[in-house]
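Each of the two complexes below includes subunit A, the first together with subunit B, the second together with subunit C.
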Partner chain A sequence: MSALRLINETSGTSVSSISVTDVFTSDFDIYKIVIAPMDINNNNDMELRFINTSGSVVSASNYDNAISVMTAYTTFPETRQTNTTRITGVGRDEQQSGNGTVMYVFNPNSASSYSFVIHQDNGFVTGSGYVGYKGIGVLKQTASMGGYQIFPTTSTNLITATTRTYGLRVDNG
Partner chain B sequence: MPYGYLGQNTPNQTVSNSGVFSISDVASLEKQGKFGGSLELIEEVNITSATANISFTNIQETKFDVHYLTFNLLFDDAFGNEYLFYQLYESGVRETASVYQYAQQYGTASGSFGEQKSTGTALPLLSISAGQTTNELTCGYVYWYNLGNSSKYSFCTNHTVQYDNTAFLMNFSGSVLPQASTVDGIYLASGSGANIVQGNFKLYGVKQL
Partner chain C sequence: MGKLVQVDSVTVSGTVSTIEVGGANWDSSFDTYMVTVNALQSNTDSVNVYFRILDSSNNPETSANYDWARKILKANTTFGNGFGTNQTLDYFVNNTIGTGTGEVANGILYLYNFNNASEYSFYTLEETEREASAGNLQGLMGGGVLTLTAQHKGVQFSLSSGSFIGGTVTIYGVA
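Moving on to the complex of A and B:
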């Protein structure tokens, strides 16, 4: 039996965002999130914001993130942001080709720690080819988070995706 | 009918419960993904003698959106410059044409970092090199996405470490078979034709509801 525990599976079809609430608790310190398949109806990155334990989406400028972008067709660029309103690039889609994301979230429910994210994901850029992201992100708030929201960079775009949230079991003794 | 009582300090009980779990409770809850582990071992391959390649041909692509492979291996040293690559079977036929795309970042403990990429290769990489002598295992993990989805491309990400003679290296990479097709098998081999002389490969399905 593996130490992963499936906590939640949420899907959305042609929606502006997908919110997953009440999944981060004191039961686990580390969570694994798998998003697949993931489609955006236009050229876009997928973004992430945390949802606090009151159910409010945290959109304050308290996020930092950085991505090593790997493309099959040109020199690898980098992207980074500080004090922004989201963790960017937790997915990518340009032609509804599928995509897949795995990320880990650390300490989201802790009221004494920032909430950290590492992710690896990929997509396909129309007319160019494969693109992969290896990234990190943090919400610089010492507050308890209960969930997360994913959404496309451009608010008028729509996503179709399934996101699954797992806890990494910790056994005492 | 309620399921067995879980006790306190247990994670996120999402169905009503009362009493202890029976065997039928467990079987029912496992089918719902609410009991037990969330990685399901599909197949394990152990290599103890020279083997040219490995094929997973029962990957349960209709059951899982996401597949996860862990591996460690040792190639023989007859060819040099060994590296691990994969190819996919589409409805039972292995795609061997130069239609895959990949991009990878690599780094060495004693040298430089760099990148490799291609928009048309038959050998999408899973390692930058590979160990050839005892104790120089190449180790890593791989995710494949949407293999069984005939309307989606088949994407892959991986992260690997390897010790090659005197160099310790890592790479993380991604790749795609940009064809909307049903993939029902995975092939692994050396890009230089070396044999795998030692190895362990575990292919899992990532559980979903």
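Moving on to the complex of A and C:
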């Protein structure tokens, strides 16, 4: 059996957000999240917030994040934010759908640790070309998270996506 | 999606000066390995985390044969570039970890060619940490190579001073 264990698969079609709850548990410390395919009905980034174990979306200004943006058509811009309400750029969709995200989440279920994220994703900017994101993020709360929500930057946009959540099993002999 | 087979795992118990995975437990049946690093924590403030590769005798390779390059991501200020040639080690974090809340290091490495004694041993690195004292979110995206044509059997993490008091490092074979 693979140490990579599929925990959950959730899809949404033309929805304002997709919430995945009750996936982060004490069974795993590190999670892999794959979002693919992914489509936003207008040009937009995908954002992420954690959902605590009570089922509430955490929207406090406790997130820091940074993204190295790699484009095929210009110099590489940087994106960075501190004390914001979300982790930005965990997906990008402009002209072409079907692009994807691979993300790792560290210790989300621990009530004594912050929740860290590493992500890679890509998209295609209308009129320009390929863009790739390599990013990091953290939720600066020592609280137990049970899941996450993904949503487009612009709240009036709609997403169609499938997100799969895996746990990375560790067996200590 | 590839199958992951656990080769070795170490969870820090008490205080230890180094963390090594692979070594005597190395399984040479894979071309690619994935290393997960979860919440490395130090008992000393403002210390760097060093990364080295284990040789075929399970000792850390300390010769000046590490080349590496990475983008340094920072949530609070302009990004940087990190690079080096003919180094005796690599750095797993950009700045330092500390003893404040959340000042730990997490990351994912992929190891390539470790069992091929006629090729260099390569690795890619994705890492994030909150730096000591200031608590700023930082991270590394890049990779490196040990420019030795020899078999290698794992990786070692150590600190510039002090000891690890927390963290889990696991190595998987990618089947």
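Rule of thumb we're sticking to: the second predicted complex is superposed on the first by the 171 of 173 C-alpha atoms of A that agree within 3 Å, B and C clash if a C-alpha of one lies under 4 Å from a C-alpha of the other, contacts with A are read in each partner's own complex, and residues count from 1 in each chain.
The criterion applied here is as follows: a residue touches a chain if its C-beta (ideal position, glycine included) is under 8 Å from a C-beta of that chain, and two chains touch if they have at least 3 such contacts.
Everything numeric here is computed off the predicted structure, so don't read it as measured data.
Three-chain overlay on subunit A, with subunit B and subunit C in a clash. After overlaying the two complexes on the shared chain, residue contacts for A:12 are found with neither subunit B nor subunit C. By the document's definition of touching, of the two partners only subunit B reaches A:28; subunit C does not. Within the superposed three-chain model, A:68 lies in touch with subunit B and with subunit C [touch as defined at top].
When both complexes are overlaid on chain A, the residue A:140 reaches subunit C alone and has no touch with subunit B. With both structures placed on the common chain, the touch criterion links A:4 to subunit B and to subunit C. Contact with subunit C, but none with subunit B, is seen for A:82 once the two complexes are overlaid on the shared chain.
In the superposed model, A:118 makes contact with subunit C only, not with subunit B. Of 43-51, 97-105 or 133-141, the segment of subunit B running into subunit C after the two structures are fitted on chain A is 133-141.
Put simply, subunit A uses residues 2-4, 34, 68, 120, 134, 169 to touch subunit B in one complex and subunit C in the other. Within the complex, the subunit C residues that touch subunit A are 1, 3-6, 9, 11, 36, 38-39, 71, 73-79, 101-102, 104, 106-108, 126-128, 130, 136-139, 141, 168, 170, 172, 175. Against subunit C, the residues of subunit A that register as touching in their complex are 2-4, 29-30, 34, 64-68, 78, 80-82, 104, 106-107, 113-114, 116-118, 120, 134-138, 140, 142, 168-172. Interface residues of subunit A facing subunit B in the complex, by the touch rule stated above, are 1-9, 23, 25, 27-28, 34, 36-37, 68, 70-73, 75-76, 97-100, 102, 120-124, 129-132, 134, 162, 164, 166-167, 169. Those residues of subunit B lying in contact with subunit A across their complex are 9-12, 14, 33-34, 36-39, 65-66, 101-105, 115, 117-119, 143-146, 149, 152-157, 159, 172-176, 178, 180, 204, 206-209.
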